[in-house]
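Heads up: the structure comes next, in structure tokens.
Residue numbering begins at 1 within each chain, and the chains themselves are lettered A, B, C, D, E and F in the order written.
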Amino acid sequence: MLYVTRREVFSASHRLTNPDLTDNENVDIYDKCNNPYGHGHNYTLEIVVAGDINPKTGYVIDLKKLKKIIKTKIISKVDHRHFNYEVDFMQGIIPTTENIAVGIWNELVNEIKEGRLYSVKLLETENNYIEYKGG
Amino acid sequence: MLYVTRREVFSASHRLTNPDLTDNENVDIYDKCNNPYGHGHNYTLEIVVAGDINPKTGYVIDLKKLKKIIKTKIISKVDHRHFNYEVDFMQGIIPTTENIAVGIWNELVNEIKEGRLYSVKLLETENNYIEYKGG
Amino acid sequence: MLYVTRREVFSASHRLTNPDLTDNENVDIYDKCNNPYGHGHNYTLEIVVAGDINPKTGYVIDLKKLKKIIKTKIISKVDHRHFNYEVDFMQGIIPTTENIAVGIWNELVNEIKEGRLYSVKLLETENNYIEYKGG
Amino acid sequence: MLYVTRREVFSASHRLTNPDLTDNENVDIYDKCNNPYGHGHNYTLEIVVAGDINPKTGYVIDLKKLKKIIKTKIISKVDHRHFNYEVDFMQGIIPTTENIAVGIWNELVNEIKEGRLYSVKLLETENNYIEYKGG
Amino acid sequence: MLYVTRREVFSASHRLTNPDLTDNENVDIYDKCNNPYGHGHNYTLEIVVAGDINPKTGYVIDLKKLKKIIKTKIISKVDHRHFNYEVDFMQGIIPTTENIAVGIWNELVNEIKEGRLYSVKLLETENNYIEYKGG
Amino acid sequence: MLYVTRREVFSASHRLTNPDLTDNENVDIYDKCNNPYGHGHNYTLEIVVAGDINPKTGYVIDLKKLKKIIKTKIISKVDHRHFNYEVDFMQGIIPTTENIAVGIWNELVNEIKEGRLYSVKLLETENNYIEYKGG
């Protein structure tokens, strides 16, 4: 079993707020991240695919293909976008890094046909990151 | 002459748009960066102070003091903020990385009293950065 | 299950020496690291918490809380300190990166109450690092 | 159980081509990587050893020893070399990052006698990497 | 005056050899870099343009345009190529990092029409880099 | 004119204290850095040599030679050492990053005979660094 990682970077903005809570509760929980104007990050995304080596190619999955899947299914939808208003797979979901990682997993899990999606790692800053390995 | 650098990181969002241009012209020039919902970055800021060593301390400027100046004058105003709506020193200015770097220079230049402000370097992404050395 | 990482950096010094061995044996084993004056590192610490997403907040654990726990329980005790003489949880223990990682685990494991401590990763240099997952 | 990592960097070149395929098939699969003149990378290699702490030394394995094993068994054979023509353990194998990681595993697995080899991580670029955990 | 930097990465191979010297002299000077099969690197290229801010756009030069110039004039010619055999602007020149940086400068200097080319920085490894600011 | 950089890393410890000041004054100025037990860093050192390309070699200075000079004259004296007690060229000097950079300059300036020493950059942490250009 090998683990193949493709790293991509995108820039987006978000606001953390739970519509079921009061304004005061939202400020208590999210502090600066509740700022109504939103704020943004350069997110670093690492997609890991697990599988065996295809003896014909020497690849688990051709990284050019994996890159294309990530670009089409994720980067084109999130880069230079606002998660709360513009990203279809995050509508109605609080855009914490945790929830975005799960959302990206759900978008990709059926698109990877050589090997299988093993984990989604999402770095919000150089100090804060999330890894999700599926349900 | 020595050059002392302090690095700080902050997260903010912005939208690039020139109000004197038409919508089509703005899209032509700024493309994805003109997205009305804005987008964001983890900006890396490097402040360089030039000066001679104070023989009493061995410092050009105490980096704890420089850090405090940057935190008070810049980071507290820009971190988790939207440059177009919330940052006083950027009102009425297109928030390109170039203009933000000049804005930060103007905020800091009179606050540095040991040595002198030499340059403001601002990295918008790992691939795009600006340096400004004043005047 | 998600894995949430918080990264912190601290600077400390240490000397590797086993008091049950002779001076010659200590030099044989630890070489430059046995230098009596000690030497130091910028240690990078990555604390990983595993857990499920709290649907109210969208967080596994609020990273502001995790940061505060790490600052209070670890960074305040080790930053700008000498592991052999000044760090309570390392007294009587050879301060290798392995043993420091285990010591940090023991200090944190009962402090994490949302999710559970999953791993302590400690980088001594850009080339040498240790990960400990308990037990 | 602790995980000890040693990181090394080497520079090498390779050409991806499967001699059992036609030229057209090779270009279809490998594209730019099939260029007959070869191309190269600064590979980053991370060797992870798993084991318990030796109470005498506080080490799982002395990183100076691990470094020496990696230098002797791997770096001396691959640094500034062409994988297709000059690296004994890669002869007759398509030098994809996957296959190189497996090759390095096979060279090292019996050389690590304190703890056991846990994984070989090989980064071909800052965006593409492979991890192999044996078997 | 502002300095705008665009960073790109490419992978290439080269062999250092001076055809006017004997084989022994070449080995004496270039050691491992004289290996006839060549070796390779992930080169990091930083192109710096100096200029004033255009008040209409807030840019010195649109980084999308600068990126396109670098891709067309440099990356398309050097990525996954062998400097000794395949790169037109390096034929007949020893492909040291110094000479490649000068070659890239010559290719770009007349292509930058907003601001002016200020420097070419080329990193061969994380430890070795060259900067050229023109003649 | 080209600028050639060689990067090296070393680990050392130091204590900031001015013997001409009282204990209280030293604590006021240096705070945590005045800790009597000392503390340490992984210092990153970047040595820049300026010069013209030697047409015979294509080098300004052979980086293997520059590396050897830095290893012999600096790294062998400072790595795994305490600046206050063990480094000959820092005796009687407060070991701030500024003063260490000047000390390193003085050790190297007459050793570089191809090209000339242009700058010494010394990073104490990822956030604090000093550059010295002589004179």
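Just so we're on the same page, a residue touches a chain if its C-beta (ideal position, glycine included) is under 8 Å from a C-beta of that chain, and two chains touch if they have at least 3 such contacts.
The structure presented is a predicted model; accordingly, all values stated were derived computationally and were not measured.
The chain pair with more C-beta contacts between its two chains, of B-E and C-F, is C-F. Residue-number overlap of contact pairs with A-D passes half for only one option from A-C, D-E or C-F: A-C. Distance from the subunit C centre to the subunit D centre is 29 Å, each centre being the mean of its Cα atoms. The distance from the centre of subunit A to the centre of subunit E, with each centre set as the mean of the Cα atoms, comes to 34 Å. Residue positions of subunit E with contacts to 2 or more other chains are 126.
Remark: subunit F residues 9, 11-14, 32-33, 35, 37-42, 79-82, 85-86, 125-126 touch subunit C in the complex. Subunit C meets subunit D in the complex at residues 16, 18, 21, 29, 31, 93-96, 98-99, 101-102, 126-133, 135. Across the complex, subunit E is touched by residues 1-8, 53, 56-60, 62-64 of subunit F.
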